[in-house]
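There are two complexes below, and they share subunit A, which is joined by subunit B in the first and by subunit C in the second.
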Partner chain A sequence: MEPIVVTRGLTKRYGRSTALAGVDLQLERGITALLGPNGAGKTTFLRILATALAPTTGSLRVFGSDPADPGGRLTIRRQLGYVPQELGLFDNFTAFDFVDYVAILKEHVDRRARHDEVRRVLDEVDLSDVRSKKIRQLSGGMRRRVGLAQALLGDPALVVLDEPTVGLDPEQRLRFRQVISRQADQRCVVLSTHMTEDVEAMCDRVVVLDHGAVAFDGTPATLAGLAHDRVWVADRPEPSALVSWRTGEGRHRMVGEPPSDAELLAPTVQDGYLLLNGGVPEGASA
Partner chain B sequence: MIGAQAQLGRVEGGRLLRNPAVWLAFALSAQWVRSAVTNDDPEDRYNLLVGYGLVVPGFVMLLHVVLAVLRARASGTEELFSTVPVGADRRTVGHAISSFAAGALGTLWLVVLLVALRPGDVLGTERFLRDADVLRWNILDIPRPNVAQLLQGPMAVVVTMCLGVALVRWIPSWLVVVPLAFGAMMQLTLAGLWSGAPTSIVDWLNPLSRGWVHDGWFGCAQSDDRCDLTVSGFDRTTPWWHAGYLVALAVFLVTVAVLRHRRDRMTWAVFGLSLGALLMFAAAQVIVYERFTPLALGGG
Partner chain C sequence: MSWHVDAVTAHRYASRRIDPMTAASVESHVMMCSGCRALVGDAVDGPVLDAVWTALTAQLDQPGVGHVERALVRVGCTEATGRIIAATSRARWSYLLAVAFSLLLAVIAARTSYEAYFGAFLIIAPLGPLMAVAVVGRWSDPLYEVTQTAPTSWLRILLVRTGAAVTPALVLTALSIPWLLERGWLAAAWLLPALALALGALALSSWMSIEAAAMSIGGSWAAVLVGLHLPVVELLDLFAGPLQVVALTVVVGSVVVTVLRRSSYEYREA
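Take a look at the complex of A and B:
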């Protein structure tokens, strides 16, 4: 399968600090998750992918086009859907009007066809009922889905989502998962997240970034497999555990080097990720 | 491809037409029309017909377009908008196209004025004091403004909107409305409606010009409480050149706005052509405008 995104030695520096340090990746159809601690370079990578930011060095090809070239950039943008981490919306617009506005900016110039498309994407994210409501009247989850709806306009071949489920309640997250996973067969979806459950539930591939470099690239099952035979449960915390926590049943779940008689558990993506991160829980790293 | 810009202009223009503040401003101007109809004052009628009734609505529409251009920045959608095919340069053109809605509203206002005032060839007769010592008067028939003068108001509104777009593209802050408010007040007072300066080319470089032809001061100092300029006629030729000047000015301002984000050969070419046209029309105004029309003395 022809890769949709190819990066070679992608680097981004802000003054003296390096956000990306030579990232080599090929992304195809399906859902790819970017995991990593805060400051690992996820957002920088996604912004470069979305043509919002230029790399310092290295090459990027999306659909074979170079975003550094104005013509290539336009080609990419015509096939791109993007939801930035801090997505602002026009609060005085209705959901329909906002998505319609973005549709114009995506060159949907035929008015009737554009309105049909806006209705389709709002329907896709289950917002048809509130399309005439002002955005300021919508809940946080609905606003996020308005953001997703605009990203789906025109069936883009590449969808880039920066922490799309942050701040959503469990029900909204499930609904979001449902919408995103429906896209997987037709397009390349790249999303960053801190939610390992989301990765496990819907992603074909996971890339872990650490200090701007790729620390892991594989399937969620492979990432979980890194913790094979290294997750166990016991009545008391073990000193050999890299990380442990008390479960709801009053026992202790641990990741690390188990004792020989340990009661082993099936590992999750989170366990694999914790091991990869040296046992530092998400967010504790700089 | 201009389709996206045109659609954006249509949507932004639609939002302008639905803005209650715009209609409120027109309601205020309507009071002036009512007074002109009631009082049968030819000078008031003339001022309304040449576009002065549009100064306040025009300023409100200018505020609207400034806030519309700043909307993406104010609401945090700039990052998203930096990844769509229609870039800031084309969005600028879209905002400028939305000024056609303002122009259309201005034209509708003009139609309402024509219906309400039903102007004949002559709006009325006014007496202007020419010599206070011997009480000599200029007695003038105030003519109905010609087509170029009638269209001046809607065209000036379009120019004002384009000025707002250009300013806010280069200085992205709503504070740009402060000098523009000052400009609007100047237009409505000193430099425009209640002209306190002798007729000069400056009047014709403003978006709105009354076209009154003034003589000098008639025997009092400028510091006196009551010190008008004597009026001696009406300039009927310069308005046609002024119409061309306004068109060139609108195109020039849009090009200046676009240059903020796009500096290719095409944009520079339009910039050069519009600047050339602007200078040409300004020069034409300088050459043809009527400085003073001697009149036969009227009776006192």
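Take a look at the complex of A and C:
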């Protein structure tokens, strides 16, 4: 299968700091998650992929086109759906008006065809019933889905989502996951997240970025497998554990080097990710 | 109610072979009678009902076109251009602010015989349109990053919004010139510098954000003119001649730079 995205030695520097340090990736159809601590380069990578930002060096080809070339960039943008990390919405617009406005920006000129397309994408994200409501009246989850709806306009082959589930409650996240996973068969979806449960639940592939470089590239099961025989539970915390926490049952779940008589547990993506990160949970200082 | 819709009436209603009075009776009756509603519903042709429903939905979904957009379309703008201007309501307020600012200064300058006020007016007035330009980018557009990655040219959007920001300020202030006539043509001496600052900011924004570009240009303008410490008479002389030449050069230079660097607006380095 021809890859949709190919990056070779992709770097991005802001002054003296390096956000991306030579990323080589090929992305195909399906859902790929980017995991990594804050500042690992996830957002920079997604912005470059979405042609919002030019790389400092290295090459990027999307659908075989180079975004540095004006013609190639237009080709990419016509097949791209993008939801940035902080997507602003026009609160005084209805959901329909908002998506209609983006459709205008996406060159949907014919009004009737455009309105049909707006109805289609709102239906796809289960928002048909509230399409006439003002955006300010919608819940956080619905607003996220309005953002996703605009990204699905024109049936794009590449959808880039930067932390699409952040700030959503469990029910909203579940709903959002369902909507995103429906897209996977037809297109390449690349999303960044801090939620390892999301990765486990819907992604075909996971790429872990650390300090701007690829630290892991494989399936969620393979990432979880990194912690095989290294997750255990005990009544007391062990000093050999890289990370441990008290469970609801009052026992201690640990990741690291277990003692010989340890009560081993099946590892999760989060365990593999923690082990890869040296046991430093997201947001904690080393 | 003793009257109910019979099967014959229901079919005649569904096939539109019924007089308007009876049709109205059927319509008001089915609102209250579920049995007759089902009977009439069964009689109505499915595809026809779907077509009516689709047309009705399409009508209801028509975006609520605001006054600004409607006015813009009326004066010849396309629907897309009208929407691009009207969407950024925060910017719309800034346009109005810029206009009010310019007019206020014009009136103050006209009502005073004190030359220093007029000198200050000439320095400050060009900053009004520049202020409007400063807010056409990321600040006024919550959808900035999506807009930037859409196929529609970002430079085109920037020019459309800048035009919408600068034009009312320039036109309305130019209309105030009759109140300034005793100053002669010097009353309009700020217009070309205003255009130069606005276009200069646009050109500079091919390297940086429009907000940073406008602040740099506006700050430099104020710093140079205030820093010169010129007596008012010399300041007015400066506006009467040399500054107009400089402004014209900046206008031409900015247009050239914008055209040459048009690709930089579409694909940002930072």
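Keep this in mind: the second predicted complex is superposed on the first by the 284 of 286 C-alpha atoms of A that agree within 3 Å, B and C clash if a C-alpha of one lies under 4 Å from a C-alpha of the other, contacts with A are read in each partner's own complex, and residues count from 1 in each chain.
Everything below uses one rule, namely that a contact is a pair of C-beta atoms (placed from the backbone, for glycine too) under 8 Å apart; a residue touches a chain by one contact, two chains touch by 3 or more.
Note that the coordinates shown come from a computational prediction; the quantities given were computed from them, not determined experimentally.
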Superposed partners subunit B and subunit C on subunit A - clash or fit: clash
Which of subunit B and subunit C A:71 touches, first, second, both or neither: neither
Subunit A: partner with more touched residues, subunit B or subunit C: C
Which superposed partner A:248 touches (first subunit B, second subunit C, both, neither): neither
Partner chain(s) touched by A:52 [first = subunit B, second = subunit C, both, neither]: both
Which of subunit B and subunit C A:170 touches, first, second, both or neither: neither
Touching partner for A:14 - first (subunit B), second (subunit C), both, neither: second
Touched partner set for A:112, first subunit B, second subunit C, both or neither: second
Where subunit C runs into subunit B (options 24-32, 78-86, 186-194 or 222-230): 78-86
On subunit A, positions contacted by subunit B and by subunit C: 47, 50-52, 74, 77-78, 80, 82-84, 87-90, 97, 100-102, 104-107, 109, 111, 150
Residue ranges of subunit A touching subunit B (in the complex, touch as defined): 47, 50-52, 74, 77-78, 80, 82-84, 86-91, 97, 100-102, 104-107, 109, 111, 114, 150
Of all residues in subunit C, those that touch subunit A in their complex: 57-58, 60-64, 79-80, 83-84, 87, 89, 141-152, 263, 266-270
Residues on subunit B engaged by subunit A in the complex (per definition of touch): 1, 3-4, 6-8, 11, 71, 75-86, 91, 94
Footprint of subunit C on subunit A - complex, ascending: 14, 47, 50-54, 67-68, 70, 73-74, 77-78, 80, 82-84, 87-90, 92-94, 96-97, 100-102, 104-107, 109, 111-112, 115, 118-119, 131-132, 150
